[in-house]
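Chain IDs A, B, C and D follow the sequence of writing; residue 1 opens each chain.
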Amino acid sequence: MHGLEFDIAHFLAGSMVVISLLLLYQDRLYALINVFAGHSLTLALAVGWQAYIQEAHHLYVTAGIALVFKAIFIPVALHRIIRKLGIHRTLEVVGGVGRDMLAGAALVALAILVMLPVTAGADALAREDLAFALAVVLLGLLLMISRHNAVSLVIGFMSLENGLVLAAAGARGMPLAVEISVAFSVLIALIVIGIFLFRIRERFDSVDMQAMDAFRGERRR
Amino acid sequence: MPLPLLLSLSMALLTVGIYAIATARHASCSRRVYSVALAISGVALILVLTHLLTASAPATLTLPLSLPWLGAHFRLDALSAFFLIVVNLGGAVASLFALGYGQHERAPERVLPFFPAFLAGMNLVLLADDAFTFLFAWEFMSLTSWALVMAHHQESANARAGYLYLVMACFGTLTLLLAFGMMAGPNGGYDFAAIRAGEMTPGLAAVVLILALLGAGSKAGLVPLHVWLPLAHPAAPSHVSALMSGVMTKVAVYGFIRIVFDLLGEPMAWWWGGLVLALGGITAVLGVLYALMQHDLKRLLAYHTVENIGIIFIGLGLALAFQANHMYASAALALTAALFHILNHSLFKSLLFLGTGAVLTATGERDMERLGGLIHPMPWTALAFLMGAAAISALPPLNGFVSEWLTFQAILLTPELPQWLLKFLAPAVGALLALSAALAAACFVKAFGITFLGRPRSPAATQAQETDRYSLVAMFTLAALCLLAGILPGLVVDSLAPVVGLLNGGAQLATQHTQPWLTLAPIVDAKSAYNGLLVLLFMALSGTAAALLIHRFASSASRRGPAWDCGFPDASPATQYTAGSFAQPIRRVFGSIVFQARERVTMPPPGDGRPARLEVQLRDPVWDYGYAPITMAVIAASTRANHLQYLTIRRYLSLVFGALVVLLLGMALWR
Amino acid sequence: MALITDFLVQGGQMLLILLLAPLLTGWVRTLKAQLLRRRGPSLLQPYRDLLKLLRKEVVLAESASWLFRVAPYLIFAAIWVAAALVPTFASGLMFNWTADLIAIVALLGTARFFLALAGLDVGTSFGGIGSSREMMIASLAEPAMLMMVFTLSLLAGATELTTVARFMLAADVGLRVSLALALLALLIVAIAENARIPVDNPATHLELTMVHEAMVLEYSGRHLALIELAASLKLLLYISLIGCIFAPWGMATAGAGLPAYFIGVAAYLGKLALGGFLLALFETSIAKMRVFRVDQFLGVALMLGLLGALLLFVSRSL
Amino acid sequence: MSNFLGLIAITLLLVIPAGAAVVLALRSSYRIGARINVGAALVCLLSAVILLGARPEANLYLRVDDFNIYLILLNNLVSFTTSVFSAGYIAHELETGRLTPKYLRFYHAMYQALIFAMNLAFLANNIGLLWVAIELATLVTVLMVGIYRTRAALEAAWKYFILGSLGIALALFGTILVYLAAQPVMGEGLPAMAWDQLLVHAHTFDPALLNLAFIFLLLGYGTKAGLVPLHAWLPDAHAEGPTPISAVLSGLLLNVALYAVLRFKMLMSANPNALAPGPLMVALGLLSLLFAGFMFYRRGDIKRLFAYSSIEHMGIITFAFGMGGPLANFAGLLHMTMHSLTKSAIFFAVGHISQVKGTQRISTIRGLTATHPLLGWGLVAGVIAIAGMPPFGVFMSEFLVVSSTFAREPWLALPLVIGLLLGFGTLLWRLHGLAFGESHGVQAPGPTPVSALPMMAHLALVFIAGFWLPGPLVTWFQHVAALLG
């Protein structure tokens, strides 16, 4: 493949990492959701580009799913949810963004460090994509654990999953990529619905412990 | 061909157990089960007796069970035959006793299914010839006896005892498992033949020895692993207590002998013997001291089991020390002493527990402070118990003395040992042995005197009745055996010879029954001898002669009157000596050191009607410094760990994240 | 023929000790009295007491059981047999090998066991005091005794008294530290076992410190007689034991002719007299100690015995 | 011929549950629903038995070999017995009104869907397909855990959902990495994801990539297997869901996850340059074992108690496979089987108990052997079995694990034994409270022997396995053990 294709793929994958870092940086839910929409959009572009340069047409489907489902449908749904739950104005301050950014940077470094020796066999594109994908995955995980809010938890998870799709797309001629992304979309849809149905309120995870003991039939001490 | 027969007998016992599950609630079931158990044990007893006395060759058998590529190996040799005699004798007598005793059982459905299974388990342990079968049967034995301990689970004390017992049993099994794993090697040569053939480095052999000590010792009640024993043995119904104390502990000793003497072969270092010897001495003395402090009759007996296990291990330790220095003649003596004591203890300890059972049914009391004067309502039980007490106190001409005498003789040979430590250790252990013998006598004066003599201390004791015929027959069988083994020790020693030879590289004692007047003279060059028969004859002759002469020539008149008591005739039985007050001098002499015994007397001023109180407080050092800290640590740790049950999802995610990052870092740095 | 003579000698010895025992007790009593500047009873007083007791009827407490009546005979038999097993004027008598020193100690233990039970039988407080203290004392005295036995058997190579005596007679024994220690231990044990001052006072009644007398308090008539006889037999046993082990001179060997036997008997009588005298001297020169210092007193004996044995164990290998 | 038969069996194994799920989703009557449920499970079981006789050769998607055949059999056996148990159980739930018929229809449908997913996971030859199946199983169980709609149930379901999805995601990444490792050697397309092909070429893969993949797979599927520190979802999911589901979760789903891990471990050990996965698995196993041992002591909820026991045993099994070698691997496989049977039996007993007593609080349940002998002794037998005492099958596997470990790595055997003893002691402490002592509280009549049949059947199997194993099983185990290296 010649330089331009490679550079574009490289650029798209890299920008996903950047956007992941941006996700870490957000402290308002609205902003978080919007940035995530951008994240998914970039993913759609990256996958589409992969489809183009690999002549793997089924990847267009994946790209389409990413575009329609993750870049449009989910963000809209989330907007409605948070408005319904009345948490759209909340500020999230967990430990401070600066710490998260540092950790994020460290994770990116780790991802590259792990990936460099690998893939002597695999071609350069796959290697790059893989390193970036791993970075995105780790950053998503970091986002998940650095926020209290159920919604941002989901967003973190979805960005992580974006990284997976990126990796899948980067893997040349990987079969079942479409099926996998479909399966994942179902999963995410369920999560979102879960939030919606179960009325999982803000900061669900820190309900009063004594109350929880009562119905868990457990003594703490 | 006795081996298949024995196996099928064990199977029969198991089926009896299953049958009992179905019909336990019927009144007649108890009688059926026990009579069948009696019959089976009797047949098995005859089989193994013939096998041992005819000194026939070991028989082996392999069944396509257990580990598929291994199969279940069984073997009947002199050693297992001897222990099978102990087991089945105990089983038979216990069943006989239970024919009467079992009628009073409150919860037969919790006893009848497990009793035969327990017997079967012990038989199988002795027959097993590979590690898997051995441990399988071993654990099965523990499990069934645990179920029997839990028979009266409503008392919380019993539940606690059962729990402790089961945990300790599991500990023992795991240690034995490790020992066998070490001997079998990474390729899993689990059958004993392969283990015997295999070679071990001294270091590994030492590890195995220590593991065997832990495993078998925890089951036999070796200090400091004895804590469960005095709780668990009394909790069970009395005939089961007799089995557990008199027989199961012996099976544990069998495990030790099988592993250390048979499977490991020659002891690799002299300190093995020293270790076992020291443990035995400590166990003996501590056991009897514990026993002296008890008021519960069954618990007192249980602690005496600990003491006797100590004596047995003294013999074994001596044997190891001698073997390590290739002094096989002396080792033969020590082994004979140990095996003889195993037999003896199974006899009189069963007898004593059965007697306690009789007392229990007659009065419903185990606490000596509420008994007394039972010799009047139940003279025969008293006589049997007295014989048991005299035997366990090592009084000639009964059997207990013979084995302790042999042990002493073995200790007297230790100066020949080259190692200095052993030179110092042996006489010290001898002193401990003598001390424990004397204290045992004191303890059984207390046990018999307070329970059967004096005046009844509670209405229950006043209304006691003599126990039923089955129980009496059972007890007197054992008593008679105690006497026989005491006056004809030579015959027993001779029948032990093949066992000793098996464990001692062929060396065994000189045949005894050829000695003049059936004297027991184990060591030929040293002319130390003992002749129980003549001693008995002497005593009988002189005693009867004195009696006849006096009644013939001097007065034979007698009349009843109030007790004189130095002119203070007292109405109330409460003024008698109690178990506590009897033990007081010894408590002050020994207890204050070992148990930090504290006494507090609260004496109301004159004119004050309140009774004076004496409070005695004892602390168990083993529990305080050994077990309590461990329990504390576990509880504290689980309290800390418990916080992990209440984290938030975010925290849990962080755990996963942390694990991932750590592993990735490891990957990155690993190269 | 030889068998018969052996029987005769054996029987003679048994009768001899039976007859001598009260005399020894009387001898000690008289000596004690005279050492205290009293006239004291005649030597034959114990015989008179025994005969009187034998003729009297027995008064049994209501709560006494069959054991209470059997015990005296058992105790007497056990102690008599034990005493008969100790070589007195001649060693190697036909029944000497039926039981060694350990067995003798154990036989005394049997006697003590039943005596203590008898003390508990009637169910009085004094009986309890007696037997519980007796067992406490025994629990220390017996090990000390056995340690002494160890020392001897290590020297003589056997626990058989005959062998020991012969070994001691042999010239090459010489003086040994362990022997001295063993002797001391044995003396202390003997004092304790025979309920002498300072452990117990044989001449006491109605004293809260009594041990032996407290146990036999309820006995009367022939039973008491037997027990008294047994007690003096025990004393005799210990003195002749000490004599046989540490002063076996003049002791005849089995099968030696009558003259040898006569020399033996003479020597034996001499030893008894000397032993009795020393005992009386000791008892008059010391005061009775508190019951709870007895354990220290006996602990000393145990330590001495152990020390003696240890010394030997070590020196044997040098 | 046999190939054809096998193909039929496989199709049945997949189609029947899927179809049943659809049908059940439509039927509303509980009575018929339960019957259909049991029937479908029975058919699956029968076709699994057929599979024993006639194995089809593998294609790119599905495969039957020594490893998964006995797991398939076990899977369908336990799901059948559980469906029988659940029929009685659910009826009671209906009476007490904890469940409405609407949810019931949903419950049965999900049950069949779960069976389908698990059968698919076992049969899958394609690692992507394996992943999809496990994801499906996760989703279904999430829905079932939350079925009671109590606050606790929702919380448990949510926790399970999030952690499970994360695990799934990690596993997917690992899968992709495996493909990437294979693709240069084996070219693009399906063969590079077919497990048997992968195994053939594994030695030529890029080891570094394989290592990375294995880390992700271990963590991903390990989360589903409930290994500490990834276990958090497991206790609550067991405690708050319906008991039949707890039985299936412990008995089967954990096996599925472990099965996936082992498949990839085989790939690892087939590649000489890749890092040995042993130490990792040993460490995780020991961690789980010890942690669970400490957690028993303070449990107040009976179902949570046994959920932690599942964690403990997953730890033991992982440890065994981590040790490797013919003995340990054999032991691990045996332990998987025995644990499924025993643990589901225990959960059957626990289900009845909690229904009889109307509570799951351990402190309020006492003296069961006196009040309900069948349940009480059943529970005792189950716990004794799970604690690894004879005459039950777990003893055999623990015997092999401990002895072989000690012979090879004495220092590893020490924590193992300590953990076993700890777990034993703390679990038994709880058992004594439950089964013995003075009973108090509600004295409702116990279940009929018939409805206790599944429990007794499982215990009987475990009992027999305690001293006798069928020959074919042994040979399969030995083959697989050799493959696992």
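By definition in this document, a residue touches a chain if its C-beta (ideal position, glycine included) is under 8 Å from a C-beta of that chain, and two chains touch if they have at least 3 such contacts.
Bear in mind the structure is a predicted one, so any value in this text is a computation, not a measurement.
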Neighbours of subunit C that also touch subunit A are B
Which chain lies the greatest distance away from subunit D when centres are computed from Cα atoms alone?
C
If you average the CA atoms of subunit B and of subunit C, how far apart do the two points sit, in angstrom?
35
Taking each chain's centre as the mean position of its Cα atoms, how many Å separate subunit B from subunit D?
44
Just how far, in Å, is the C-alpha centre of subunit D from the one of subunit A?
30
For subunit C and subunit D, what's the span in angstrom between their mean Cα positions?
78
Per-residue multi-chain contacts in subunit D, two or more chains:
158, 162, 166, 208, 212, 298
Find every residue in subunit B that makes contact with two or more other chains and list them.
639, 642, 645, 649, 653, 656, 660, 664, 667, 671
Subunit A contact footprint on subunit D (complex, rising order):
126, 128-129, 131-132, 135-136, 139, 142, 146, 150-152, 154-155, 157-158, 161-162, 165-166, 168-169, 172-173, 176-177, 179-181, 183-185, 187-190, 192-193, 206, 208-209, 212, 236, 239, 298-301, 304, 359-361
Could you pull out which subunit A residues touch subunit D in their complex?
114, 117-122, 126, 130, 133-134, 137, 141, 144, 153, 157, 160-161, 164, 167-168, 171-176, 179-180, 183-184, 186-187, 190-191, 194, 198, 200, 204, 207, 212, 215-219
Over in the complex, which subunit B residues touch subunit A? Could you list them?
639, 642-643, 645-646, 648-650, 653-654, 656-657, 660-661, 664-665, 667-668, 671
Counting only contacts in the complex, subunit C reaches subunit B at residues 54-67, 73-74, 76-78, 80-81, 84, 95, 97-100, 102-103, 106-107, 109-110, 112-113, 116-117, 119-129, 131-133, 135-136, 138-143, 146-147, 150, 153-154, 157-160, 162-163, 205-206, 217-218, 221-222, 226, 291-292, 295, 302, 305-306, 309-310, 312-314, 316-317
List of subunit A residues in touch with subunit B within their complex:
107, 110, 113-114, 117, 138, 141-142, 144-145, 147-148, 153, 204-206, 209, 212-213, 218, 220-221
